[in-house]
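Listed below are the structures to be examined.
Both complexes shown next keep chain A, but they swap its partner, so chain B is in the first and chain C is in the second.
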Partner chain A sequence: MVTTTELPAQPRDQRPVRRIGMRQRLGRWDVKLSPYLFISPFFILFAVTGLFPLAYTAVVSIHKWNLLTGQGPLVGLQNYIDVLHQPFFWKAMRNTVSIFALSTIPQVILALVIAAVLNANLRARTFWRMGVLVPYVVAPVAVALIFGQIFSDQSGMVNAILAKVGIDPIGWHSNVLASHLAIATMVNYRWTGYTTLVILAAMQAIPSDLFEAAIIDGASRVRQFFSVTIPMIRPTLIFVIITSTIGGLQIFDEPTMFDQQNSATTAGGADGQFVTVTMYLYQLGWGSQNNLGRSAAVAWLLFLVILLISLVNFWFTQRIASDSGAKRRARKVRS
Partner chain B sequence: MSAPSIPVIAQSAGKGAARAAARQRGHHGSGADRRPGWVTYAVLTVVLLIAVYPLYYAFLIASSTKEDVARHPIPSLVPGSHLIDNMISVVTSDIGFWSALLNSVIVSSVTAVSVVMFSTLAGFSFAKLRFRGRGPLLVFVIATTAIPTQLGVVPLFLVMKQLHLIGKLPAVIIPALVTAFGVFWMTQYLEGALPYELIEAARVDGANMFRTFWSIALPAARPAATMLGLFAFVANWTNYFWPLVVLGAVPGKTTLPVALKMLQAHYYADYSQVMAGVFVSVLPLLILFFVAGRQLVSGIMQGAVKG
Partner chain C sequence: MRKSRKVWAAAAGLTGIALVATGCSSGGASSSQTSGGKVTLKVQTFNEFGYADLFTEYMKDHPEVTIISDKAAKSDDARASVKNAIATNTVTDDIVAADVDWMPELLASSSFFADVASDSNKGRWPDWKSAQATDSSGKLIGLGTDSGPQGVCYRKDLFAKAGLPTDRAAVAQLLGGSSATWDQYFATGQKFMAANTGAAWFDSLGALAQVANNQQAEPFESKSDDKITVADSGSSAQKIFTMLTSHTDQSAHLAQWTDDWTKAFAGDKFATVMCPAWMTQIISGDAPDQTNWDIADVLPGGASNWGGSFLLVPAGGAHATEAKALADWLTDPAQAAKVFVKFGNFPSQVAAVKDQSVTSKTDKYFNNAPTGEIFSNRFSAVSKQPYRGSHYFDINDQFGKALTRVDVDKTDTPDASWQKFLDAVKQLS
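And now, the complex of A and B:
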């Protein structure tokens, strides 16, 4: 009241009030809109470069679509039918699943063992952990070139060592299973250390009183590993297996580089003995045929296979883990 | 079978017995703290040798001549004297080594910075701000980390063709600017690392939302951001498939992994040259590993616990 009498006019009194109102309104917009603004770069870029292409693969796959001449007429499921009738597609699928199995199963087992060893109270802990991770920074292309030479049919180191112990040289590039083994070795080389650290982290998160209880129950080291450690790290194992399914079934770099004879193509060996689905996809779209429609059909089929194998893995891993250890004991008590 | 650990004794036979047992064993900690024997170190040494030998093998081959390689399939452990010669002939060959190196540096750096920025921005929003649709959107992000988006390669190629980017670096960079994993990772980290009080204090001081992000959230996110940046850098440095599709095996216009492939085609039978190329291409990341390997290790282990 006193202040108003001292101030000459009303507008001067109103102005600051209005300014605060403006600022408040701006502030409210700031609070309301900013969260959306902050997440929008991710969602926009992801929609354009990730989600849309994946969905649009379905559209391309039901058209005749050439790399050079572009979109052709709608052909329905013809591309799928054509692809499924190619023996080469089935060869690629067989190889992919075989390489995937040879690289995932030994890798998880090896990683489990190394993680269990690393889980001890080591001196120079960080040194050993970094040591297992070295291969991770080597590009798959480089890994493949190195191992391609180590597994070389004629002048390779592995065959030379085998010769020393009196074993005939193995056709690492020409034989189907041997080439799958060699390629799986490359994958295992690069990823085992990474997987080991993931599993190690899960092992360290197990509360130690569980082990104390197992010791009181008279469980041996091995029994502790199978009855406490494995069931406790089950979510991590599922995570590891699912991610290696997604990555492993799309394998491209290693088998492509492994082909020393046809180094400019993605033929996967003279007889396609180690061609993979992604190599076939590349071949169809950007190789000799320029057939993006069929290429997209292969991508979509591979997507379905990844989904299927992921689900099977999930179901399988859950069964394994719940069969041994805690749950079985619980079931026994109940019955 | 190993003897029961100290806490077990403490629980079953009493504290006094535990103390006696600990004294007898000459340790002060519990069983888990016991130092492992030499067998453990022997096993780990073997693992370490297996991890390092292939790289050393590449170095050995790279330092010898074509004839040496043919004569000795099992290289001697002492390197030869031709490393520099072979490296020089690789970097001066017509695969365009220097531009490939430069392209790889550009692609990996730009994408690493961008992934960190956009992921932290979105992570801050998801972790600390309230807005309609937050829950479902976050679930969407997490779900997409498990979708193999690389399979959208055909339409993505068509998009890049529409934008006239085929053969140009932005075609490699743009799809790698954001990752769903990065957003998820930063959300997880900021949830625990950034107290609401700090944000409120900044707001009270009159900072707008972006200012709050820039001077409060970004500094708080630094440890996780460093790791995320490293992973993005490594992933893009080692990427081969997509650069091959959009850039092609064109000397001077592609990235290092694709150039390596050209090297293999080029020096078809001369493995000492090929391995020299491999060695040169691996070197930058090995140096990075010596500097920041510790962060990579803890990044993987933290991600594993949370993911």
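And now, the complex of A and C:
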């Protein structure tokens, strides 16, 4: 900067100086910009595959848009209004939230407990730790097929066992809550192991002197768990809860496959007992109506709901951990 | 409409949906390339069209043509891929196969496809088959491959147990022969139920509805103006709904394509099932050890067809002319007969149906029943094709669900379920 202001008087002599200036500038840019350049591939990729579709979906959602015949006239928020007036949308929303609650909440709690057990001094530790991940390897649709057999209304295993105990068979496909439970079971089967390992990794990163100090203070195992372990793994918990919230609200494969008769139309039961928002979205956009505009509106509504629930979760998880006051105590112990 | 295979193959399919949704179709841009006068044609099929041998034969006769078979894991993938091609206006396959279920959708974009009518295929199919692939301006966009004429499959042993005749011809007579009616079918069902064999008369109401609605000229919509007529009181669909739901007691309450249903073919759950030609493969596949299934040359309410497919040629393909020639050859009666003999896909070509190699075929599984002859008769008896308007498949879907709510789920009374059906239909228009 200094060089350029000082040298306008002698244009010819400037040359070498200018070259140095350019080099300097390049050098400075190199220092300043290179880091961004190096991390840019991710963001460019994200912009192309994440941000652009997001924005484009918004554009589609304010148009009348047929999947096959393409863009129609601009209709503003009409698609959103139409969707919000559909009772089926609210049914899908109810089911999604219900299946999400039935799967995510027990899953995280269960994963916490299993991780705590796995973190203890076990024989053949690696075997047990890898064991919990096995269901995760099974493809979701394969899980749906297996559990579809188990939860069959007439020939299923669960109803056969219930009959032995003297309980009337449950209509796993006709009863709303029963169907949600069955689907949540599939989700939990597949994801609990994964969540457990993430939490376990966080638990192992806790310095052992914290526990030693807690033991000296006379804290019981349970007390250690709530006052040391949980506060220390809070960032991981937030991560786990938010990712499983996103996954839970986008649930598609399991409920689609659960309605074996109508899996092609993603109906989710003859009365929409377990239709989810993503299934409804697929019905609108790729079903025989090909109404991509309305489908895009549902996608955006779902996006907003996920954002909202994630924020609530974030706030909630932060409160849980700090309310206990254990964090402060844990820090004190450390210093 | 081969849904059962759809259901099982859906395992692989859902990933396909994701791929299509993100626009990553496998072929990239148009696949056909010309190099030194050579032509490469890509043919997309699904399930089993039985074309592998025919491709080899065609390439031998036409050394300049190379055929690449692009078989989708299941029909839903193929459907998504065709729709994706139309939506993005790109040609990935030179020939695409389509189920009759998707034809109304594809006909709405008929300009994407080439007119495949030619002198060589004139009069090849009965009118009802060609009508399924003809758009409002009279352009034929699909060459018919197989069809699904229906008979009644029944369990000999259960019939004997109930004191009913077990011989094929006698069963056909029992159900009314060529003038079989639904009333007679249900009356026989009542007799069967009275014998207390422990089995039901049929699998589910939804299965019967597929037949009954296909017997109407205008099941849900008016042919003249495409208006939805199903909600009008006294519509044919309402009558069918009332008729079916008043016979719930004869049902095994097994929704088609569910695990319960597929398992039931091996057990003693129901005595009869409506049997399109392709259903015979499903029954023998689901219950290979059950030796008592047989088939009668009869259908309550008159002959009708269920399912069938077409070959379509995207007009924008680089080698549309060559593709048309290949598709025309593949759907030639001679080829269709070969496919039937080897794979059992029943032809839709008039000449093929009468072909000696087709009519003489028997099926060991069905106690050596002359399936070729039976389905040939059932095919020839089909005279009308139901009008399928722009909302046909949505309404048909809702109709099936309305019956499932009453028959299988038992969550609604017939009246309440019909009301829900009407509400759902109202949202379509």
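In the analysis below, the second predicted complex is superposed on the first by the 279 of 335 C-alpha atoms of A that agree within 3 Å, B and C clash if a C-alpha of one lies under 4 Å from a C-alpha of the other, contacts with A are read in each partner's own complex, and residues count from 1 in each chain.
The rule we apply is simple: contacts are C-beta pairs under 8 Å (C-beta built on N, C-alpha and C of every residue); 3 or more make two chains touch, one makes a residue touch a chain.
Computed from a predicted structure; not experimentally measured.
Once chain A is used to superpose the two complexes, chain B occupies space that clashes with chain C.
When both complexes are overlaid on chain A, the residue A:281 reaches chain B alone and has no touch with chain C.
After overlaying the two complexes on the shared chain, residue contacts for A:290 are found with chain C alone; chain B is out of touch.
In the superposition on chain A, A:30 makes contact with chain B only, not with chain C. When the two structures are aligned on the shared chain, A:257 is found in touch with chain B and with chain C. Judged by the number of chain A residues each one touches, B leads among chain B and chain C. Touch criterion met: A:155 reaches chain B and chain C at once. When the shared chain is aligned, chain B and chain C each come close enough to touch A:141.
In the superposition on chain A, contact of A:193 is made with chain B only, not with chain C. Touch criterion met: A:86 reaches chain C, while chain B stays clear of it. Note on the superposed arrangement: chain C collides with the chain B stretch 255-263, while the other options among 57-65, 255-263 or 291-299 stay free of clashes. Common to the chain B and chain C contact sets on chain A are residues 49, 139-142, 145, 149, 152, 155-156, 252-253, 256-257, 260, 263-264, 282, 286.
Of all the residues in chain A, the ones that touch chain B in their complex are 27, 30-32, 34-36, 38-39, 41-43, 45-46, 48-57, 59-60, 114, 117-118, 120-123, 126, 128-143, 145-147, 149-150, 152, 155-157, 159-161, 189, 193-194, 197-202, 204-205, 208, 211-212, 215-216, 220-221, 236, 239, 242, 246, 250, 252-253, 256-257, 260, 263-264, 278, 281-282, 285-286, 292, 295-296, 299-300, 302-303, 306, 310. The part of chain C that touches chain A in the complex is made up of residues 3, 6-8, 10-15, 17, 22, 76, 80, 83, 86-87, 104-105, 108-109, 206, 253-260, 263-264, 391, 393-394, 397, 400-402, 404-405, 408-412, 420, 427-428.
Per the touch definition, chain B reaches chain A in the complex via residues 1-2, 4-5, 7-8, 11-12, 30-36, 40-41, 43-44, 47-48, 50-52, 54-55, 57-58, 61, 69-70, 73-75, 118-119, 121-122, 124-126, 129-131, 134, 137, 141, 144, 146-159, 174-175, 177-178, 180, 183, 208-210, 213, 234, 237-238, 240-241, 244-245, 249, 256-257, 260-261, 264-265, 268, 271, 274-275, 278, 281-282, 285-286, 288-289, 293-294, 296-297, 300-305, 307. Interface of chain A with chain C (complex): residues 49, 67-70, 86, 88, 139-142, 145, 148-149, 152-156, 171, 173-174, 252-253, 256-257, 260-265, 267, 269-271, 273, 282, 286-290.
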